[in-house]
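Pasting the structures in now, so scroll down.
Next come two complexes, and both contain chain A; in the first it sits with chain B, in the second with chain C.
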Partner chain A sequence: MTKKREIIFSLVRGLLAICIALFVAMLLIFISSEGAGFGEKLRATGAALKQLLIAPLFRTGRSGVSFDVKRLTDVLASMIPIIFTGLSVCIMFSANQFNLGAEGGIMLGAFTTAMVAIYVPMGAVIHPIVAVLAGGAAVAVLMLLPALLKTKLDVSEMVCSLMLNYIVMYVIKFLMNTYLADKTKGQIQSYEFLQSAKIAQLVDNGSKLSVGFLVALVVVVICGLFMFNTRWGYTIRMIGLNQDFSRYSGMKVAGVIVLSQVLGGFLAGMGGGIEMLGRYNTFSWSALPGYGWTGITIAILAGNNPWLVPLASFFLAYLTKGCELMATYANVPAQLLDIVQGVIFLFFAAEQFLSRYRQKLVVKSAQEELAGKEGAKHA
Partner chain B sequence: MLDFLKMLLTPEFFFSIIRISAPILFATLAAIVVEKAGFCNIGLEGLMMFSALSGSLVSYYANSWLIGLLAALVVGVLMSLMMGFFAFQLKTDITLVGIAVNIMGSGGTLFLCKVITNLTEGKTMASTTGFITKGLCIPNITIPLVNKIPFLGGILSGHSLLTYLAFLFCLLTSIMLYKTSLGLNIRAVGENPNAASSVGVSVLKIKYIAIGFSGLMCGFGGAFMSMSYAQGWSLDMVAGRGFIALAAQAMGNGECLGGMLSSLVFGFAQALGIKFSARGLDSNLASPIPYAVTIIGLVIFSLVRRSHAKKERSAAAHAAQAAK
Partner chain C sequence: MPDEKAVRPDETYVVRMEGISKIYPNGVAANRGVDFRLKKGEIHALMGENGAGKSTLMKMLFGLEQPTSGEIYVNDQKVTLSSPSVAISMGIGMVHQHFMLVPSLSVAENMVLGMVPRKGMFIDRAKAIAITKEYAEKYNLHVEPEAKVADIPVGMKQKVEILKALVRGAKILILDEPTAVLTSQETAELFRELRGLKENGYTIVFISHKLNEIMEITDRLTIMRAGRSMGVYNTCDVTKEEISRLMVGRDVVLNVQKDAAQPAQTVLRVRDLEYTNEWGKKMLDHLSFDVRSGEILGIAGVEGNGQKELIDMLFNLNTPNGGTATVNGVSVIGMPQRRIREHGVSLVPEDRMLYGIAANASIEENVISDRCSAKRLNRGPLFNMKAIHEEADRLIQDYTVLCKTRKQHVGMLSGGNIQKVVVAREFSNDPVLILADQPTRGIDVGATEFIRKKLVELSRAGVAVLLVSADLNEVMELSDSLIVMHNGKIAAYFKDTKDLTDDMMGEYMLGLREQSAEQIGRVCHD
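Entry: the complex of A and B
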């Protein structure tokens, strides 16, 4: 099949998956909407859908539709952590390692960074850098556990990383409650970050779009180059495709499996750290933030390709914002997002979804090729 | 220390171990059967969440725990068959299907709960804890005669109906896997699908049966969570039991008896955690104990398996040498 057709096919398939998910969303909104009759419900559904699909970027009022910069920066800002978890999952899944530790990873990263930001005074520019790197390093070390257990003892990295998520959450909660909380405050939160540690904002409109966004984009480029232009990246992808083949052809499979998870952990930790310093003044997370799971959806949407992660992150950030607005203005619970995410996820990852259409395209390409050859012969 | 031991060696403590193990055991049986059929269902967690929610809601609206339980089972089976459709027919990676179900099971159940009950306590918290009254809980059963036995009676009698079912199902599943043709087919499909299909076994059908069975077990487990363990459904109430079950399956070497013992180990760990926090240990330090035990258990299991394999190999080598 020609490359062009391949791209068109994946586009059609992706769009259709999204459409199905939106259709499911519409059904659910319709069922949950208030209203007496069918018509009223339909109108409520329409209003809710408008919030979901248009409102994240545009403000609709009497005067028509107008572009809203604040909402755009909101969406961009919420992309920051999920770009990192998306990349993290991309790298781990590329090596066929179903490590689901990005969720606990981002929390540990955020926590470690926060601690460095509070208790280790440093110069202005160097402070956030060191703090974020410390966050990344902490998670990288944490990920050594599932990675080494997998390679040395064949313990499922999936179960292990899932358990670690819970352990990380509880230990951090324990440390916060007993030692680190600012007792003068009503809720459990840490002391304020030192001024020198805060990450500067790009736009000063309260949407918390920090320099971290640029860092995230740079990291996307680095990951993209790493995965497709270096020997390590190639090895990771090769192991993901066929581990036995990689072993027989002399690749250091165990080492690379560990590497992929450590790198993934590092990215997740960095994401947590940047999110912390860019958005908050104190550490106050008391539960897992959910960015790790979103990261998995992003990796699936991006097909484990780092270059596509920003696009997928934008899409999910947009949907998230839409769901939030819908919850506020149309009274539809924001957790609809999880169902939509799940449905998109299922269809996107479905290999046989639209396989007949694909088959037709393949046949068509082959026929054209044959015809071309015939034509060349006659000429 | 002696004091503490004395506190542990009470019928109540052993009773709580069994009670806590029950939902894990259900999920472990689910994991065992699908593993025997050759794949891994990591969506157990999400399945249990959906079953827990539907069980509590239906029992409230129908005003009957039995109908609620049946609803939980139906939802569990239907969801798992849907997972099967995506995994087997549309060829989505089964792990990803499981993750999708877990994502939906976490926030999606909260969405459904809010929509169906119109509850919006605060911004995020909504639960059906007010819905399930004592009468709607799955009944506890006092076994006559057994409850008169000193010590043992207090441990074995008075459990929820589902707790007894869990251990009964453990036995039944084992019989199903090893004494029936269905079990043989399931194991054959797991070991070598091509060979199984060459003798006329429908691989697809067997896989659907296996995943449907896992849904059924999760239905029981979910119903237990929301209608017996706790009264009512709340967000993320399954709290990783579906994942712990995967570990229990691995630690039990994929067998029902082993799975049961591993579930009891986790039950013990959690019961111990609860006791610790009752003695003043921070609950945030007590809560991660079962999860840590899971990892440690997996490591120990893997070490044991490894040394077994080594012994077998060396025994085989000795035998070969002796034969020479």
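Entry: the complex of A and C
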């Protein structure tokens, strides 16, 4: 099939998936919307959809629709942690390691970074770098646990990492409650980060779009190159595809399985650290933030391809924002987000979706190609 | 000359496939307007080069793939074979080129899969075993019902596949290269069964690249080339040479010319290798032999006499109970495959789908799997993409892998072309020792010629070659010297393969004769 047709197909499929999902969403909103008559309900639905679809970027007022920079930067800022967890999951899943530790990882990374930012004084530029790297390193070490248990004792990394998330969360809560909390405050939170540790903001509008966003994009490029243009990334992918083949080919299978999870851990930890220093002044998370789970969604949407992670992250961030706005201004339950997400997800994941249409395109291409060849022969 | 009668419409055919075209989702036109007809009670050969579209055509008859256009009639009823279960209900059974067995289940469980005799919620194991035994006996195909499929040799897997189709009541049996993994004895055995089936009114489609077999067993043959049918013939009306020419479009020489071997120093030295498998069967019994640089040592033997185990030990896919194996003086027992490869050992594995390839990776990714860290393919931390593309393109061209681009997934290639990918990789990494387990399995005549030549060429350049093949012709023709394995022991050693006959070999292979310890001992050159 030609490149052009391939791209057209992807676009049609993506758009259609979204349209169907929106239609389902509309039905649900319509059912759950308040209003006396049919017309009123319809109006309420329309308003809600407007919030969901265009409000994340545009402000609608009496003077029509106008682009809102603040809303855009909000969306971009919320992409930062999920780009990192997305990449983290991409790498681990590529090696066929179903490590779900990105969730605890991002929390531990955030916590470790916060501790360095509070208790270890350093120079201005160097401080956030060291703090974030420390966050990454802590999670990398943590991931050695499921990785080594897997390679040495064949323990399921999925179960192990999943449980680890809760252990991490409760240990951090315990430490915060008993030793580290700033007792002068009304809620459980740490002392303030040192000024030197803060990550600079890109825009000064309260969106919290920090330099971390640029770092995230750079890390995307590094991960993309790593997975497709280096021998290590190649080895990770091959092991994910056929472990016996990889061993027979002479790859260090056990080592690479560990490497993939350690790298994944490092990325998740880094994401947590950057999110901490770019957005907050104190550490106050008392529960798992959910970015790790989102990372899994992103990795699956992106087909474990790091290059597609920014796109998938933007899509999810946009959707989340839209649903938030919808819940606030249009009186629609926030849980609807999950349903809409689920439906879109379903269509993206269903490979057979539109396969008939695709087959038509393919047949057309092949026939043209054959005709071309035959024509050339006769000429 | 084409069989005119074969295309007359008033004949009765059990199957008629008319104007069949198939375009795969990746745009490969595997069949282009093919007509294919089966008479009741015939054995019909389907022949053609690798990638000619034989398997594709048969997959459509079995309902695994859907034709893009064309019509299928079974007993003169137009049918839509939307899935294998529909095909099975019409009495069509298929034995695939690649095994479709569940490795973690037992033979008996595989036999009844999908038609499970139940006892409450559970599979009735005893019944499954009974059924398996009954059919194995009825059709004289010996299998071990209770063994796990992952542990049985490929020859037995093949028999399980055939039995599986028979258990499901197939009257039209499609056999896609069933003999590729069988020894000549097993093949002879199978042919006896097939003739029996034919007499009982079964119709059989037989796909094979072995011309002798085609001449021996089939009544008619359809030849395919590049997705088209090149005609239908009565087998008795054509010669092997004509068939080759119709398939390949040129004359093929299968007898490889080779100069006398000039063996130099010993490369592989095996001493007293011993292995008892988990059912307590002695698979390797104090095996000792040498392979020298510049020679091809063939191993003949009925499948299951320790050949697979031997190769497994030499590549550390399994651990022996005793004995030594060294390559240029370094012990390879228990050595990681990475290091074994560093010492210059290559392996063309028996089971290409398991070890040989990653089906969902591209051809390019598959051919560099053993050399991804090589200096010439890397530039600092990054891959040197240009060098990798060149390497892949060169191998694809040298080994005539039929594909659209190097980015195509290996799993989408035809069986023979998958084998070519494996061979291309294993022959091209400057080996000092090649362990070739069925290297030309499933490869068409033209490419077989090429691979055999290549193997001889490599050995004459100083590579030591250990060749295991179920194809007696192949071992006898290619090997400089030869050992026969029986019951995990060497039954005979022939320094020269020139004046060996099939019959002599057969006696040793079946254990009817055995050489003296002294004669056998000559395979060790110390």
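Please note the rule applied: the second predicted complex is superposed on the first by the 376 of 379 C-alpha atoms of A that agree within 3 Å, B and C clash if a C-alpha of one lies under 4 Å from a C-alpha of the other, contacts with A are read in each partner's own complex, and residues count from 1 in each chain.
Just so it is clear, a residue touches a chain if its C-beta (ideal position, glycine included) is under 8 Å from a C-beta of that chain, and two chains touch if they have at least 3 such contacts.
Remember, it's a predicted structure, so these values are computed and weren't measured experimentally.
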>> Going by the contact rule set out at the top, does A:Ser249 touch chain B (first), chain C (second), both, or neither?
In response: second
>> Per the contact definition in the header, classify A:Thr328: touching chain B only (first), chain C only (second), both, or neither.
In response: neither
>> If we overlay the two complexes on their shared chain A, which of chain B and chain C does A:Thr235 touch? Say first, second, both or neither.
In response: second
> Touching A:Val363, do we find chain B (first), chain C (second), both, or neither?
Replying inline: second
> Counting only touches as set out at the top, which of chain B and chain C does A:Leu225 meet: first, second, both, neither?
Replying inline: second
> Which partner, chain B or chain C, is in contact with more residues of chain A?
Replying inline: B
> Touching A:Gln195, do we find chain B (first), chain C (second), both, or neither?
Replying inline: neither
> For chain A, which residues belong to both interfaces, chain B and chain C?
Replying inline: none
> Where on chain C does chain A make contact in their complex?
Replying inline: 23-29, 32, 68, 315, 317, 336-338, 340-342, 347, 349, 354-361, 365, 368-370, 372-373, 377-378, 381-383, 385
> Given the complex with chain A, which residues does chain B contribute to the contact?
Replying inline: 42, 86, 89-93, 95-97, 99-104, 106-108, 110-111, 114-115, 120, 239-240, 243-244, 246-247, 250, 282, 284-285, 287-288, 291-292, 294-295, 298-299, 302-303, 306
> Quick one: in the complex, what on chain A touches chain C?
Replying inline: 1, 225, 229-231, 234-235, 237-238, 241-242, 244-252, 355, 358-359, 362-363, 365-367, 369-370
> What residues of chain A sit close enough to touch chain B in their complex?
Replying inline: 28, 31-32, 98, 100, 145, 149, 153-156, 158-160, 162-164, 166-167, 170-171, 173-174, 177-178, 293, 296-297, 300, 333, 335-339, 341-343, 345-347, 349-353
